[in-house]
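These are the structures, in structure tokens.
Two complexes, one shared chain (chain A), two partners (chain B, chain C).
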Partner chain A sequence: MKSYLGIFKMQFKSELQYRGKAISGVATQFFWGLLKIYLYLAFMSTATVTGFTISQMLSYIWLGQAFFAVSYINLPKNSAKEIVQGDVCYKFVKPLNLYNQWYFEYFGEKLASTILRCFPLIIIATIMPASIALQAPAGTIYFLLFFVSLIISLFLSVAISMLAVYLTLKTLMPKGALGIVNVVTGLLGGSYIPLPFMPQSVQNVLNYLPFRYISDLPFRIYSGSLDIKTSLIQIGLSLAWLLLLVLIGKLVMHSALKKTIVQGG
Partner chain B sequence: MLYRKYLKMHIKSSFEYRLNTLFIAFSQTLITIGELLVVYLMFQRFDSVGNWGFYEALLMFGIVMTAFPIVECFFRGYDEFASLVKSGEVDRFLVRPVSIHYQILGSKIELSKIGRILVGIISSVIAIANLHISWSISKVIVLIASYICGICFVLGVFVIGAGISIYTIENLEFVNIFTYGSKQLANYPINIYNKWLTRLFTFVLPVACFNYLPLSYIMEIGSMPSWLYAISPLLGMLFVIPCFLFFNLSLKKYQSTGT
Partner chain C sequence: MSNIIEFKNVNKEFKLSLKEKGVWGAIKGLFKRKHKIIKALQDVSFNIEEGDIVGYIGPNGAGKSTTIKIMSGILNPTSGQCQVNGFTPWKERKKYVKNIGVVFGQRSQLWWDVPVRDSFELLKDIYKIPNEEFEETYKLLNNALKIDELLDRPLRQLSLGQKMKCELAGALLHRPKILFLDEPTIGLDAVTKLAVREFVKYINKVWKTTIILTTHDMNDIDALTNKVILIGKGQILYNGSFDYLKNKYGNEKTINVEFAKEYRKVQLQGYQVVSHEKNVAIFKNLPQTIFHTQEFLQQISKKYEIIDFSVNSLSVDEILAKLYKEYEL
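Presenting the complex of A and B:
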């Protein structure tokens, strides 16, 4: 465990070095947020959406932008190169579990880039003109639940990324593998389009899939779009998905390991 | 002539890695279909936006989704110019007795974008078939000009990005706002956004010139004289000229990164 925490710390610190990249990222996320908000405001002026008010939409979008690093599925830095070029064998020979190595490495990277980016964006979003600003949470309890749910999101998102790593390990085609994982999580998780805009029948299905727990759920809880009882049930479900996905990830990674052909020397 | 050789080489190399090209093309097509689904779902929930319906938006989606991958396929070199600057590859380009633009064009051709181009074209066809337009020759010309204008626009933005990377070395994520931001914006009629965004994306970055303005001419709506709508794609195409001027000017300031 100690060595895994070491891996985590190392990645966390190294990611904190890239402050220039983070500033550029914040600017990009901010502008994206504005675009989305003006688009949805235009749509929402034509009809009301049940269970999703304009102020809830504002929080949903701004939080989505602030915690973009949480919900965006990527591969751990260097892992694509390691796998394709064969450096991955250094990971194999260490007396550590392969899945855990990548998991902790990526968790550190993700946490650092989230921390660097979320605060500036939240501050900017709060001081925007009232009609497009990030709204206050629905209540203290909602805020606490939001925070819990967000932490689970972080773990869950890394677990989903591990499946993308597995796909890359299998196919040796990081670009394609990542593209597929991204479109699935983006569309079904609510970062392409807020889930409340989807038809009810589709929402009923998506509510039980893991993808919405890395973006949709925490933001809905924050704005009070879900009541406390539903929130608690959903948080429980997201925990169950987290355990299941880590288990699946470990199993498939283990099986892939047996058949891996290391590229080059 | 040289370009044909480049093209042949890239086609050959992507056929060497058939599975890889196919897999990437598949995943790219899936992404585009996902984006299409978003537009569809928005119009499922809300019937219209600013008097525009689903098929009008689909045609705009079709135009931008055709223009964008065409540029990404054949002009990818400009998009990835930053990596050439960083690795010092540009030095080699500069000493060869061929224009640098020619070499950038040849440096990368991504055939995996074909799937996306197809989705764009199919969306346009479906939209046109479902829109009740009384066609005339001038309308057909304006429509074709819109596609060309779209291509010129995306190319222009890529060239600016390449020009900026000469100063910054690193490819800045910020430039994506203009490339992928305009792409996102152009999925819907541009006049539904608020005033300053509409102005920015009409007069500074002429997204409206292949989006809302020519469509207004084809649909025979809008309050301005119709000839103004009709020539808008032509005006939009001019955007690409200052972009290349900027790039050439930046290149004079180019400092090698060494190695």
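Presenting the complex of A and C:
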């Protein structure tokens, strides 16, 4: 375990060095946030959405922007090069589990980039004019549940990324693999359109898929659009999905690695 | 000495999907793909004794790296048996790799963005090396490689030679019993190459580490070992002493002779004139002639008056080129 934590720390430290990247990320997320908020304000002034108030929408959007690094599925930074050019060799010659090496490496990277981006954005979003600012959480208990749910999201998001790593191993095309996973998670998880805006029948299905847990659930809990009992059940479900996806990821990745052809001589 | 590595009838096949030419070919490829089986290794068998340094040589694409990757547990062969240090590498990978070190000359195992020291600390955790042993090993490695002043710099700021020194140290922190070096001197300057060779010899001496090395620089082999395995087109072609190869393929000499005056025509029995200009001639021994200095001088001084002469042997690289040619590699 100590070695996996070491791998996590190593990647965390490496990622913290990229401050410039984080600053430009914060700027992008901020402007996208503003754009989305004005869009939905215009939309909500003419139509009523059941169970989703304007202040809940504001929190939903701002938190979504602040924790974009959590919900956005990417590949571990080095993995594309590792797989396509064959540096993955070195992962094999360590006395460690291959899936875990990638998982902890990416967890470190993701946590660092989340921390670098979320605080500036939350501060900016809080000091915006009251009509478009990030709202306070619905209550202390909601905030705590939000926090728990967010941590699970982080783990879950990394587990989904591992499936993208698997697809890359299979296809040797990082961009293609990522494209598939991104469209699926973004659309089904509420990053493109908030889930409350979707028809009830669609929501009924999406509520049980894993993708909403990395973007939709924590923000809904924060703003109190779900009651505590529902929140707890959903957090339980997200944990179940986490375990299931890690298990699936381990299984498929090991079967793929058995057939690995190391690229590039 | 006992065998630490045993390869028995190992085969490795790769399935390649063939890509047809042009846009139409690419579109056809979307629906129907033809496959071709590439035989990377065919019936490869050899043994390596504990404590040996063995050079694994052959032209590009011969199967050297594939063999190294099977030995280090990265690839599994299509068929055949392989025992290394009592393990079947790809079956008991995690247990097995604790006792091996691997350096791929063109890749890096250390972390790119952080100081080398941090990478070493992490390797220490990964291989569960006790503090004391780690300090002792590091001291020994540093004595040989002089890497102390590099430790606080991120890997990306090091030159290729400095990086290779750190990679070597990193691969040896856990004192592996077997060290695989895949082209460790590729791209290095002359001084660093010498340092790497010295280091490899030193490690082999102090720890009795078994070392398997692939290289295209025959001077590496010349400096390190007399045991070579030659592979070509996936098959073992020769397994034995390097000196034997050199003698067999390296008996060709070129002899430059400077005469006292200009002779119109020079001729010697058993030798062929390669070029002849003014009072200088270059001879080459015919394949059946074994060059012998005294015999050569007697023969030539009987007919001509000579001022100076020099004998050149083929370089190791030229010998190898000849060898590859003979095996049609």
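Quick note on the criterion: the second predicted complex is superposed on the first by the 265 of 265 C-alpha atoms of A that agree within 3 Å, B and C clash if a C-alpha of one lies under 4 Å from a C-alpha of the other, contacts with A are read in each partner's own complex, and residues count from 1 in each chain.
Keep this in mind: contacts are C-beta pairs under 8 Å (C-beta built on N, C-alpha and C of every residue); 3 or more make two chains touch, one makes a residue touch a chain.
These numbers were taken from a predicted model, which means no experiment stands behind them.
After overlaying the two complexes on the shared chain, residue contacts for A:F143 are found with neither chain B nor chain C.
Once chain A of one complex is fitted onto chain A of the other, the partner contacts of A:V49 are limited to chain B, with no touch recorded for chain C. By the touch criterion defined above, A:D87 lies against chain C but remains apart from chain B after alignment on the C-alpha atoms of chain A. Using the contact criterion defined above for the overlaid structures, shared-chain residue A:Y72 touches neither chain B nor chain C, since it reaches no partner. Of the two partners chain B and chain C, it is B that touches the larger number of chain A residues. Only residues 19-20, 23-24, 26-28, 30-31, 34-35, 37-38, 41-42, 44-50, 172-174, 176-177, 181, 184-185, 188, 192-194, 197 of chain B touch chain A when the two sit together in their complex. Across the complex, chain C meets chain A through its residues 14, 60, 65, 69, 72-76, 93-95, 97-98, 100, 102, 104, 106-109, 111-114, 118-119, 121-122, 125-128. Of all residues in chain A, only 2-3, 6-7, 10, 13-14, 17, 78, 86-87, 89-90, 92-97, 258, 260-262, 265 touch chain C in the complex they form. Put simply, chain A touches chain B in their complex at residues 21, 24-25, 27-28, 31-32, 34-35, 38-39, 41-44, 46-47, 49, 171, 173, 175-180, 182-183, 186-187, 192-193, 197-199.
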